[in-house]
Every structure is written in structure tokens, then in C-alpha cells.
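Common to both upcoming complexes is chain A, partnered first by chain B, then by chain C.
Now for the complex of A and B:
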């Protein structure tokens, strides 16, 4: 549209925006590599003089802070890391698989009809705190509470609208004629989808997978109410660290926060160009 | 491509003269495949979303709580919970209004800042791709971590207060989480930091997709840049803007994670959102039936709100969906 260069005042505004955007991330990363003496220092220590990985070690070995004469956390985060990986990976794979089947059905066999988008959207409007209530009751009746099976089932159901509509928008972009040509060549419908449609949306499939992974990895409320002792995820553990050690173990809390953030930032940048599509259920294409 | 021996006759799209029966059969098989592909998704939605919702709906008309035994033995009390919520429960009504105010304030700020940044990105400058990625970073941080990070930043001796005292002198910094208004400010700042990038991203893709011809025509007809922006570009952006608002509005009504980490709704209930209130009802006070009724009121309200927001662009959206 306009192709004018950036003037000096506008450049300053932009610089300010970038600083405000990056500062919180900078602070949390720096806190994660600070030794205990620097955590709460006044005046603030912006960049630690002696960066250390002891906070990260403490996550897996609660006594690691002993070398600084600081008591550690009561519980390691090992189980939470394991739980987050397990729940997110399994739920993502299944959500994308089921979503792909549904996307092909809706795009190619007009299943669901025109009203479906709004129906699915209304599923997203219900406050999770409220869905969690009947979940907890039903799950405790049938013994699924505090199990990964139950948590994964919820994650699939909650992310399914996103995976279905994001994938549908990619399938829509594949011309029907390509599949029809394959079928004229003698392929069955199923085979045509497997060998023609799916390879053509490889990029979209990859983007959707990472997007659904981001949603699952970030989930907090369901994990909070459905976990007691046998299951745990990183967000739940972070909340527990903050409640249990508020104001004391900043470095360890920050280390867990950074650990939680790393996979998402990588995944996010990999699918940067598809984020708008994912967030808008495929309504905004680029 | 494939050896012709394994072709099932009914799958070939070009039979010499298909009999009526064959066409019909193919049509049914086609539909059957569509239904089969949809089935897994429908089943999981049915068991994990629809059934719990129906249970919650039934529950909302009872006085059930876990201490009173099985759900089936609960007393049916009609609309009592709903009446209680709407007429007598000021904490609920306040949580609803508070969430709406948070929504209006946050979305307005996110929209204005996001639009400003998107317009900046129409200018020509170096390092655009890198700055673009940097500005998107907050979206990629999980809500719990965002809440935790700002909780740390807003500590009384945290970096924000140290910067304030450095510039405005000692004693100028507030104790953010101790008073209602400053705690509310921390929630707004956190939300705006987290989600302005989404508006920026969506609006920038919208701006880049604005066709050049109407813009050129307006310029040739003598419109100045400001008129072009307000009269030509912005109306074309409307569907994109509405989509961004609808999606963010739906999310902010559910606002929970960040506030849970930042303030837990405090001090008092000054930052308590609807989701936080329902969570406390159900999982701290075990008033599950009452909480379910609150959730359905919220759902009805949200549906109405989204319907209202979508009105100006409904036709365009349905066309785009095909």
C-alpha cells in the first residue's frame, strides 16, 4: 500500500515496542541463570555476573541448591516434565489424526453442513472451569480421574475443533481434480486421499501438529483439577512451586518457566506463517 | 499408475455407461466414507464434551454437592440456582461485569496498539522479518508462564518498581498486589502484553491482502492518505477485525490462567474473573451444581455476544466458508 520509509520518531516507537515485548522474556531467562544471591537483589541485577545452571539442576535434583546454603524445593519437576511430554505428544498425535479424517470428510463429502462452524465455536465458548466440573464427577465415578488416559481424552476433545478447521482450510486448497485424476487411474477413494491429498498438505499437517502441540503443552486448568498424585504437568508444578515457595525460590521457578517456554518458542517460530490461520480456525489464511 | 487388475469396478469414475444402480451405489458408498471419517471425532466429542455438558445442565437444576451422595439422589430445585445467581449473588454479577470491563479495556488497547504496529510495518525498513518475529514472541509463551513472569515483574522490589523508583524517585512505586486498582492494572498490562501480537498479526495479514486498485483509484480521485486509510482500507479490513475481536472476546471471557498466577482474584475479589469465580465455587467450596448454573449463564451470554459481534460480517464469512 504505502511504501514510504520509516521516519525517526516512528523508528523510536517501534524500538520501544520491541523492548517492551522482549523485556519480560529477557528477565525470566536471566533470573533462571542467576545464583540465589542475585534473585532478589536491590538494585536489580539485570545480567548475572556469574551465570549458573544450578536452578535447572534443582528441578531434577531438589538438593542441588545446597552448595549455596539454600534449601531446595520439596519435590522435583521430573514427573511434571514427563507428564507434559506424554500428555501433549499423545493427545496431539490423536487430535491431528482424528481431525484429519474429519477435515477430509467435511471438505470432500460435505459432512457436517454449514452450521458446523458455529456449533464448534460454541464449544469453545464454554468456560473450561465449568466443563471441568462434570468431568471431575464423571471421571471419579469411572476411575479416570488422576490418570493420563482421562487427561489425554480431554485434550483431544478440546483441540479437535482447532485441528479439524485448520486442516480443512488446507484440504480445501487442494483441487478436487487431482484426487479425481488419481481415482480415474484406478485408485480407491481412501487410497487417493492417502497417496495424493495428504502428501499435498504435508506443510499444513506439520503446522497444525505444532499448533495443537502448543495448545496442549500450555493447558493448565484441566490438568490442575484432574491431577492429584499420579499425574502432573509443568504448568501445574509451576503453580505449586509459586504457592509453596512464594518469594523465596525465584530462580528455580524461573528455570521451570523457561523449560516450559523453550519448546513453544521453537514451535511457534517454525509455524509463524500459519499462526493466524490456527488462531482463527482457518478464517484468516495467511 | 496402478495395475488395472486391482480396480474395483464401482470405483472407476468413467464406466462406459453407468447403470442407475451403480451410480446410486457409488453415491451411498461415498456418503458412507464421509460418515466413517467423521465418526471418531464425533464419538470423542460426544463422550468427552456433550455428555459432561448434559450432566452439568441437569446438575444445574439440583442442589447437588459431593457431600450429599450420588447425583441421582439430588433434589430437583428448578431454577433456584439461576435465580440465586442473577438476583442475589452480587459476587457473581460483579465477576461478570468485571470480566466485561477487562474485556473492553484489554481488547481496545490490544486493537489500537496492534493496528498501530501493523500500519508501521507497511513502511519500508531493514530487518523487518526479524522484528516481526520478535513482536510475535509473547503469543508463543504459555499463559501460566506469562502470569508467573508478570507476577515476578510486579513484585514490590521487582524490576518494574526498581525502574519506577529510578526514574520517579524512592517511594514512588506502588505495592501492586495490595490495592484493587493497581492489581487490576497488572491484569490488564499482562493481557495486553500477551495478546496484542495476535491483533498485530491478524491486522497485518489483513492489510497486506487489501487489493491495490481501490486504493490507487482513491488516490487518483484526490484522496489524501488519511482519507484512503479511514474510508477505503479500514472498511475492507472489517471482516478481519471482527474475526480478531470475536476470537479474543471468547478467550478473554474465559480468562483464568494468568489471573490465577498473578493475583488469584485478589486483593479481596477485585480481580476475580468469571472463570476464577466458577473455579472457586466448584473446587474450593464444592458447590458444583451452583457452579454449573453459573457456567450455563456465561455460555448463554457468550453466545449472544458473539452473535452480536458477528452480525456485520456474517454474510461475508458464510461466503468464504462456501
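Now for the complex of A and C:
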């Protein structure tokens, strides 16, 4: 942290960045509490005169918008929320778990040789859309399409390169001698990894988990093409709030988006304290 | 090389150990012995293989060839935790998230020693190493010397069969270093610990070692007592490494005359003592700076010009040029004051202390 005073030009740039970043959030939150008449009014209504929670109610009660004469919402979003939670939590846990094991293997044992990290990353070197169609075909054949198992498997495959690389950089920061000291103190190699290394990369572990969770939570493409009727996630549900009579239900979409933001905002605040670097300072002579 | 006999009681016995990293050999056929209760010092420059040797003894590194015996037991396949060794790492490797107390007590805690006994041991060690004031603090708040002593504490808190110390005093200031090395030596002798200490500092080695193992480029060049390694170095590399200012190496020729043997060096001829009987022809003469005396130019066969005088405190190092060859001599500071830069002086060599090295192999010729 520098103690330089915030000069006028700096403050302006900062203000611009804050406005650009936060405006969509502001707009979504406002839209979520607007009655249907205000959703796409011209001129735009910035802050609704009569805020309402009807959009949120519609998420769980499709008939709720009836009081405004809007109908045609077929399904509640309950299943999508459940589906997103299930797929994101399970896929994130497994991706981070497998990624951590891989990171330790690569960092400490040069597991698989020097090319391994790059080979793992190569899984991200083409656009996801390129593999979406082949996966639809493969999953249809082996019966994994429209199942959470299939969706979670894809999410793990897609996020594993990130979790491995991020965690590897954190494990690399812990001097291997600290683990070795623990082994000489009387621990097995595995116990040294678990009780010495992992606590030292706690911050990195939290950050990686949050990052992977965000990826999974906001994933749209695979969830769309791999789901028919049995499974659904929030991003897919968002795209479905279009009715024949009333067009796109902006307010309901905004309400679901606000709901989807809540876990991320909470997680963001929770891990702030763990994001500090320099956890290993003092371990070795520098 | 075989200065020690192989006994099963040796805390550590390495024989014929080789180890390469990629195609770079780190250790070549290294054999060494740490008798139980002995203080053995691994002396060598950076990259000589000291750390690799210690890591192999600790079980942190595999060998390509050779055997390692700990207390007469083949250590092959034994995990570090089962070797009953303690190690101080070159970079200390403290647990950064643990306090001084937790760092020092960890080896006992992991081995399920009762809490009371741990407490007693930790405080005893902390007293010896004067780290009582940092036991409640994290390593990041300690000074370099305090961290070093906490690392020492973590090793000394147990009483393992062998201590492996990788440059344990290197980050301390000069005063503390000398103080702690005396303390280490005392602890080692008092408790009969077996120490294998690696250092690039020959003075430290001479001060504490029972036996010095001199490593050069991954090879054991000499195993000897401190005095022997100084007085009778096995080769030119050892002679240059041990001693400051460095030993003078001067081209010389020995040959037989009708009745005697003649030694030519620095443009002068000497009728020699029997020490050079085996040498015929050119060789390299090694003369330590303290074996050169400076005299009045009229009294000496060798004349030299004084290039520089460097005070070392009690003594001064004088750089001389004789027959286009630079020499370093040490003499008492009082005596050195008699000369000034550019003066011409006479040089006397203590011929009986001259070491002879083979010009091509560098081995010392007896």
C-alpha cells in the first residue's frame, strides 16, 4: 500500500472504473424490483416509483405476475436453483480436490514429466463450443445427456486446467524444505503435504475454489446443450423467460440474476481475509 | 581417504555414493564416515556437493550408486522419519505459520512425546540458544539470527543418532557465529552427539571439527584432522581453499647436483633439505603467507618490490612482486609498518615448510 494521496485525475479514472463496473449491477437490481410496466419504459425509469417483489415471487410461483396481466410463465425456477447449486458445488469440490493433488504431484514430484502442466492446459486451448457438439453426441450415446452426472463431469474436465495451474503456483511458493523438515521431524510424505503444505496455501485454495465456483455457476453453453427436461441450471433458466404474449420478462430475469449473485457476493466477502499473500514469509532465508 | 576404519558403530557410513542430476554429476564415489560422537565437517565451496551429501544421509535424496549405513544399518528404503536424524536446512525451512515454540516442539509433538516433557525440553533448548523471547512469535517477526537459532532449536530438541547441519551459522553476524559455533561444539561434546556439519568456511571447519572431509566438485579430496588438512593438504585445490590469505603457488625446479639437490624458484637457487628428494624437474611450490619473512634486501637471495600492504588487525598482509610473480606474506602489523609501497625488500622462505605439488595433477608430492 502506498501512501500517495489520491490526485484528481486518479480519482476520476477510479470513478469511471467504478461506474462502468457497477452500472450493470445497479440496472439489474433496479429492474428486479420494477413492475412489468417499468421494465422497458421509454424514457427509461432509473429508480422505480413503486418497487415490488413480484418478480422474485414469480421465480417460485409462475402465476404471480397475473396481477399485472402477464401470464404464460410455465415453470418455477426452483429446479434451476437446485441444479445450479448441485452441479456447481460438486464440480467445484472435485475440480479443486483433483487439481490440488495434481498440483502437488507436478510441483513436488515433477509428476508426468515436464510437459504435464502444458498438456493439462491444452484442454483449454480451444473454444468450448468446439467440443460441445461432440460431447452432445458422445453423451447421447452413453446415456449421460440430461443428467447431473454428465454435466458435473464436463464441468470438472473444463475447470481442471485452471484449478491445477492456479494451485500449482501456490504450492510452488511453499519451499519444499519446509515439507522435508516435517518429514525429518517424523511425518510421512503424505502427512507433510496434508498438515504442512495445505495450511500454508489456504488463501490460494480459497481463491481457486471461488474462481472455479464462479466459472461453474455462470456456465451457460454446456448446460444448455446437455440439458433437455430433467436437469436445468440458472443461466439456462434465465434464457427461458420469454413468453408468447408478453415477450421477454426482463424483471423476472433480473430477479433471478440478483438471486444468482448472492452466493458469490457472500463468498467474496468471506474469503477477502484469506487472499493476503506472503503466507510463507519467514520460512526461509531470502 | 581411508583415514577411518569402518566400524558398525559409526553414526553414518557412506561408501561409494554417486548421484547425478540430469547429466550433471553432483557426487562422485563419495565415501565418508561419521563415528559415533564425532564432529565431522564437510568443507567445500558452493556447488561442491555438501547439501546433496546431507540430503542423501537424511533420506531426502536417492543415490544412484553406493551404500549408506546409519548406525551400521543399511538405510536403503528407510524414510526420513525412520532414520532418527535431525537436519538444519541451508535455508532454515521454519514453519512460517507456527510460533517459535511450535517450531521447536514439532519433532517431539509428531513423535507423541507427552506435553510436560515437550515443555521441559523446549525450554531447556531455548535457554541454551537464548531464544526464550521469540517462542511466542512467528518466524516473520524474528531477526535472521533468531530464525537461525530457532532452526537449531528444532534440531537439538530431540536427541537423534545423527545431526545433519547445512551451513547452520551462515546467516549470523560474525560475533554470534563464533559464539554459537563454540556453543555447538560444547553441546556436541557434552552430550556425545554425532555431527555432520557442512560449511564453506574453512575457519569454522578448523575451529570445530574432529575430522574434516574436503569436497571438491563432488569428490572427496581429503579426509583429515584440521591441522593435517592445513599442514599437509592432499592437493593444490585443498591447499588453496584452506588458508587466508591464499597459499602462494610458485613455479619451481628441483634437480640433483654432484653432491646435493638444488631448488630453483623466484630467480634464486637453494641447496635443499632432504624434503625434495623425490622431485626431479619442474613442480609447483606452495608457500603459505606466514612462511615468508621480509628482510633487508642485502641479506636475502630473493628481492621483491612491495606492491601493497593490507592491515588485518594483529597482522598485515603484504603483497610482493619477485621475478614477475606476486606473493602474499603475512607479518605482524608492527613489522609491516617498517615498509612502504614501492620499497625493495628481501624475501626469506621457510624452505622446510614449502609444499610441492605436481604441475599437471595438482597432487601434493611427499
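Please note the rule applied: the second predicted complex is superposed on the first by the 226 of 286 C-alpha atoms of A that agree within 3 Å, B and C clash if a C-alpha of one lies under 4 Å from a C-alpha of the other, contacts with A are read in each partner's own complex, and residues count from 1 in each chain.
Just so it is clear, a residue touches a chain if its C-beta (ideal position, glycine included) is under 8 Å from a C-beta of that chain, and two chains touch if they have at least 3 such contacts.
From a predicted model like this one, the values you see are computed outputs, not experimental measurements.
After overlaying the two complexes on the shared chain, residue contacts for A:69 are found with neither chain B nor chain C. In the superposed model, A:49 lies in contact with neither chain B nor chain C. By the touch criterion defined above, A:135 reaches chain B but does not reach chain C.
When the shared chain is aligned, chain C comes close enough to touch A:178, but chain B does not. By the touch criterion stated above, A:9 is placed in contact with neither chain B nor chain C.
When the two complexes are overlaid, the chain among chain B and chain C that reaches more residues of chain A is B. In the superposition on chain A, A:105 makes contact with chain B only, not with chain C.
In the superposed pair of complexes, A:188 makes contact with chain B and with chain C alike.
In the superposition on chain A, A:199 contacts chain C only, with no contact to chain B.
Shared contact residues of chain A, touching chain B in one structure and chain C in the other: 180, 182-189, 279-281, 283-285. Touching chain B in their complex are the following residues of chain A: 1-6, 10-11, 13-14, 17-18, 20-22, 24-25, 27-28, 31, 40, 42-44, 46, 98-99, 101-102, 104-106, 108-112, 114, 117, 121-138, 153-154, 156-157, 160, 164, 172, 180, 182-190, 214, 217-218, 220-221, 225, 235, 238-239, 242, 247, 250, 253-254, 257, 260-261, 264-265, 267-269, 272, 275-276, 279-281, 283-286.
Across the interface of their complex, chain A is touched by residues 1-4, 6-8, 11-14, 30-31, 33-35, 37-38, 40-41, 44-45, 47-49, 51-53, 55-56, 59, 66, 71, 113, 116-117, 120, 122-125, 131, 133-146, 148-153, 155, 157-159, 162, 193, 197-198, 201-202, 205-210, 212, 215, 225, 233, 240, 243-244, 247, 250, 253-254, 256-257, 260-261, 274-276, 278-279, 282-283, 288, 291-292, 294-296, 298-299, 302-303, 306, 317-318, 320-322 of chain B. Residues of chain C touching chain A in their complex: 58, 60, 79-81, 83, 85-87, 89-97, 106-107, 110-111, 138-142, 144, 147, 154, 171. Within the complex formed with chain C, the residues of chain A that make contact are 175, 177-178, 180-189, 196, 199-200, 279-285.
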